[in-house]
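Two complexes follow with chain A in common, the first pairing it with chain B and the second with chain C.
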Partner chain A sequence: MTSAMAQMRASSLAGALIPVVLALAIGAIVLAATGHDPLSVYRLMAVESFGGEKRLQATLSAATPLLLTGLATAVAFRTGIFNVGVEGCFYLGGIVAAGLGFWLVGWPSTLIIPVALLAAALIGGLWLLLPGVLKVRLGVDEVVTTLMLNFVAINLTSWLVNGPLLARGSANSATPAIQKAAELPRLLPLTTLNLGFAISILLVLLYGCWGRFTVAGFRSRLAGLNARFCRAVGIDVSSLVIRIMVLSGLIGGLAGGIHALGLVHRFVAGFSPGYGFAGIAIALLGRNSAIGIILAAIAFGALASAGATIQLFSDVPIEITQVLQGAVMILAVAKLGFGRGRGTAL
Partner chain B sequence: MLDTLIHSALLMTTPILLAAIGGMVNRVGGIVNIGLESMMLSGALVAVIAASASGSVLVALAAALLAGAVLGLLMSLVITRLEANEIVVGLGFSVAVAGLVRYLLKSLYGVSGTLDPQGVVMLRSIEIPFAADLPMLGAILSGQDPLTWFAWIMVPVTAFVLYRTRTGLRLRASGAAPMTAHALGLDPLGIRDASTVFAGAMAGLAGAHLSIGVVGLFNEGITGGRGFIALAAFYFGRNAPWRTALGALLFGFFEALQIRLQGHGVPAQLVQMLPYLIVIIVLTGLGLADRRRSAAIP
Partner chain C sequence: MSDAGAAAVRVGARDISRRFGDVVANDRIDFGVAPGTIHAIVGGNGAGKSTLMRILQGLDRPDAGTVILDDRPVRLASPADAFAHGIGMVHQEFMLVPERTLLENMILAREPIVAGGIIDRAAARAAGERVAALAGAKLDWDMRAADTPVHLRQVLEILRLLYRDADVLILDEPTAVLAPAQIRELIALLRRLKQEGRTILFISHKLDEVMDASDVITVLRHGRVVGTMRPAETSNAQLVELMVGEPVELPTVTPAAAQGEPPLLSLEGLVARDGRGLKRLGPVDLALYRGEIVGIAGVAGNGQDELVACAAGLGTIESGAIFLDGAAITRAGTRRLRELGIGYLSADRAAEGLCLAASIRDNLIAGGEHRPPFSRAGLLRPAAIRAGAERALAGLSVQFGKLGDAVGSLSGGNQQRLAIAREFGRKPRILIAVQPTRGVDIAGIAFIHRQIVEFRNRGGAVLLVSEELDEILSLSDRIIGLHGGRITGELPRAAANLERVGRLMLGEAAA
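The block that comes next holds the complex of A and B.
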């Protein structure tokens, strides 16, 4: 029994590592073809993201939004809901939190932060209510509706930030900076690592407990594995799907809110460099498990923070990290001939 | 005024229509292609490079077509042979190719974002002598480039091939019932791959239209989500070529209108939301109709 479990654990670890290794190999080909030494670039990236306390903090700070977008996606995927709309929730949550962050003048931190984050989560949850209801009541494919809603959200926030919410005298599309009181407190001085990271880790761990120890968590996994069976034993899958979709949106919105209050301190055009889509890669790579999400988010955070610095210290363009991210996404769902059922959640 | 609006609406429709036809054929074959945007982007870049290097529009178009087709083949193989989820793979291609294009621009050409090489030849518009003088019809028929003509000719051609030929039947069978197709001795996976290669080629041409048909240079944002608007168009069209073309035309018209309305107080971003909203509304309407129909059956 225990050896079987150990074997399963080993195969799932290998399942998560193989796509990463292959993606690094693809990245190495790109690097070598453009006249860079892949090994020395990767070594530099590893040092820049994990070498030393300060760099580690930068990596964890970069992992913060990814923890939550990964979590938002995993919640939906494990229930068998193909939600690709977290990106849109992230934008909306970001603009709502930033908006409240500069409007609520004179509010104390203890009030303004919870209110802004709650509002950010709520807008995300409401945003995904429609695709949830459409899927359950009318059988409308949630992939298409959630994907389309991303572009609606991006355009909508882009309009707001270029018009009604544009900071006075600002040429580039940005809202005014939020109040000092609305900024999430830093966990350590002189870093960008803030309370948002602690909230995110806590939520991912809570999700792990929810999935493992609660009836609702068990039901959601069951619905993901076999929705017909669930209906047969009397689980109300329809209402479950709607609730999980909204939950996924709540987390996606919160992710945007935390990013606005914790790091950017305002809302700008192009607020998310694809955090929502990276969340898909993270959920897949982490197999929807809490530990998996944390490890994958930190790996992607490392990639992001290293990418920013390697551009300074070498002539390797930062976009190599985007190539790696896309390759991981593609390879994470490919059945590569070992183990069983890669990406079976879908 | 109306003539220029018609003309620019048709111009904006062409890339959407090309990619939408490809995506529609791909979907009939059983794959929802979310990677059209990446194939369009690669086509746009390759067309500019080839047009400047060779000085020939035909070479540029062939290169763009090939670039899209190769990406399509790669994507298809991952989906059909490695049984990967088409949606995630499509999104992954969008992310990876966008990164790769920017990476190559910086490391090979030393530019960030925009590539504007010397001597890019552009598509030339075809003037039709007598039609040009007709009101409205002149704006529709005359002064269009060859890719626009090609895109619109492909609409009836695709309709014919899909629904009136053996090839079309086999493609539809591979999409609708791969097991049955296999039992009949067909190779559904191979047919699916072929349909994705076709989609990639069409998306590559769509990219070429943007770069050497409209502006004459390459910019990393040149596709601007048109691959996803094409997706919206073929969902709007529900596998029917003419309805898909209507969707593409509608979205092309919105784009032309949005450019026209700039500076008149109508926010561009709100107009740009419309294609995506319309698809959700159309899918909702179809869902409602389905439910009513199934409720009518006792």
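The block that comes next holds the complex of A and C.
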């Protein structure tokens, strides 16, 4: 490897690590200010997320939805599309998969799972078709459309689980539980780690190969760097943008479907604690690279799983993990401002 | 301005060096501009002109050496600091707010204000009239900058410096966008300002106007001063030799014989709009034949951008038709046009002609990535891509490290060679070349001109758009004038000269 390339790798690694280190420092200040010892809290968090097989599995399980929302976002970002609509796709995919999961009574696992996941992906893809077309045909900013569509999706699904899809006799806003056959098989007994994790990792790795070795991946990268150049050399950027938007939606919908069939086993109001938005931070932190997405998703998964248990063993409130998450997000985005802008000027 | 007359050097450099990594942009530069003179800086690409101007303007700081103002060494911290010392600059890219009026643009950053932070329009207008009278210029102050012709925008840029009390005016390539008559007006304006005691420093590639306008010429090469002389003591040929280091032979072009066959590309009644939806072109009829170079001469903004955009499949066509070999291709996309053999060399190398952030290899195959040998069944073939890129680079004499290096790391001239290599690598039948040598040094210009002429000699057709009249005159078999979006006339090569083409550009009959 030449020195220039080594330098680039090093700087991109530093670019990913600096926000994390700074976020930990900010978290330490918050902890110290509230009368906790930052080091011992961080040690406890590390132990809670990575110490032992079981805790590791909990971390990976928590990372599963983040892998896919991060991936869905990264696909769009690397093409120069600032899609922030993965959250909405996640909700829609979740409700569609859960709905099929309890309606398709008597179907075998080998049929019901693929059908439900496929439908979840399709609804996500269709959902982002509109912002893609609006961007290409009328120049409507995708940040606005995808962000607004999130609220439509969240409220639409919330209405559905409070009305037509509400489980009989349930006081909570939740659908009935899905069939046993529709549940994603667990990878190991007695944990929540399920087939969804394997699918997610596989898809992220596939994405890495796609970006590096395929014509579409080549075009997506060039379009992200300079869309006007791509048009001039004959790459159909408009159709590329629409297709990537749909692809991003497909992955976002699939993420919701896997979450419904793998972990929640139903759809409930407030289905996602912001997985779609965390996906933005993960894509930015991971620099849209496959390995980066995996590392960032696992880091965020660790925070989430440690946060849940940490308040059982200490008086540290769970909110500290949200402080850390928020700080990483802001710092990762701030980094973006230095490096490259979004898409092309004007 | 009062004490400026006392100094021997109003603005200058003493032993200034500036490095960027391994590149020495300025190497112990020494020069001084006497107050009340017009001083020209000439040099090829990468000679260090822009770096030096940035240092004089406080935008950059030297690694060693110092800026001299009024015979004293000074450290300039920022452009505002330079302004405080009376130094202002007109950049090559105009710094105007397009949606605002000329008056508003002039007072921007130093607005006359009455109580409550409200702009005193009357005072602003009075100030505008004052500086305009000073420069002997007339402007419609209420016109939006976007609607103002280019040469008046430039006048405004100069007036703005006067408004801000600059008595040293630095102009970066001020004539690049002007027609010959407008260049003469600009030079007259500069002379007027000089007579008032102001000091002018201007950068140019165009030796004729340098010889015409300046009192002293400083020549830079590879970051060093290689000569300082008065115009009377030198000649164009000597300046070129100093700039390049060795005499360069520009290709001599023999005009192609007229063809008796149907046109390869023809535009019929073409009307086109620009990106903002304004009608900029047409109706225009134009035919391009095999084995000829047709030069389009026009002042920037007179429809040539829309003309080439339509021919390259990137424009917004309102009406009319385009035929290739007799078949209509009016609304075919860029991809189809490129497959049919239309190559396009963009004027905007950094934003459209190349992808500076991508590698040399990626730039060379972009647009061909979906075809063999570069890919098969949607999968890229790295070995074939590498071989293809190496083949395209052979004979270009482009200095580069690796195929994986970003194109942005190459010099401007080498970038353009790369863009040309990509276009010719596709074996086009037609080349649309827009400002093919903008920002390229003389050796690079000769290379690019040779490539274009050889393509023509192989039977290719070239539509050449350039703001360099010399380029149009030396390459074109036919010259077509464009003004206000319409064709003002056509001159065969034999009948063309600077004066006649200049008149076509201004919308007058060529006669």
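Convention: the second predicted complex is superposed on the first by the 333 of 346 C-alpha atoms of A that agree within 3 Å, B and C clash if a C-alpha of one lies under 4 Å from a C-alpha of the other, contacts with A are read in each partner's own complex, and residues count from 1 in each chain.
Rule of thumb we're sticking to: contacts are C-beta pairs under 8 Å (C-beta built on N, C-alpha and C of every residue); 3 or more make two chains touch, one makes a residue touch a chain.
Note that the structure is predicted; figures quoted are calculated from it, not measured.
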Exercise. Which holds for A:Ala327: it touches chain B only (first), chain C only (second), both, or neither?
Worked result: first
Exercise. Once the shared chain is lined up, is A:Asn226 touching chain B (first), chain C (second), both, or neither of them?
Worked result: second
For this session: Going by the touch definition up top, name the partner, chain B or chain C, that contacts more of chain A.
Result: B
Exercise. Just chain B (first), just chain C (second), both, or neither: which does A:Ala216 touch?
Worked result: second
For this session: Quick one: classify A:Phe151 as touching chain B (first), chain C (second), both or neither.
Result: first
For this session: Scan A:Ile235 for contacts with chain B and chain C and give back first, second, both or neither.
Result: second
For this session: With the two complexes superposed on chain A, say which partner A:Val84 touches: chain B (first), chain C (second), both, or neither.
Result: first
Exercise. Which chain A residues qualify as touching chain B in the complex?
Worked result: 30, 34-36, 82, 84, 130, 134, 137-141, 143-145, 147-149, 151-152, 155-156, 158-159, 162-163, 274, 277, 280-281, 284, 315-317, 319-323, 325-330, 332-336, 343, 346
Seminar exercise, completed: In the complex, the residues of chain C that touch chain A are 312, 314, 333-335, 337-339, 344, 346, 351-358, 362, 366-367, 369-370, 375, 378-380, 401-402, 404-405, 422
Problem set entry | In the complex with chain C, residue positions of chain A that touch it | 2, 4-5, 213-216, 218-219, 221-222, 225-226, 228-236, 340, 344
Exercise. For the complex, which residues does chain B have touching chain A?
Worked result: 32, 34, 78, 82-85, 87-89, 91-100, 102-104, 106-108, 225, 228, 231-232, 235, 267, 269-270, 272-273, 276-277, 279-280, 283-284, 286-288, 290-291
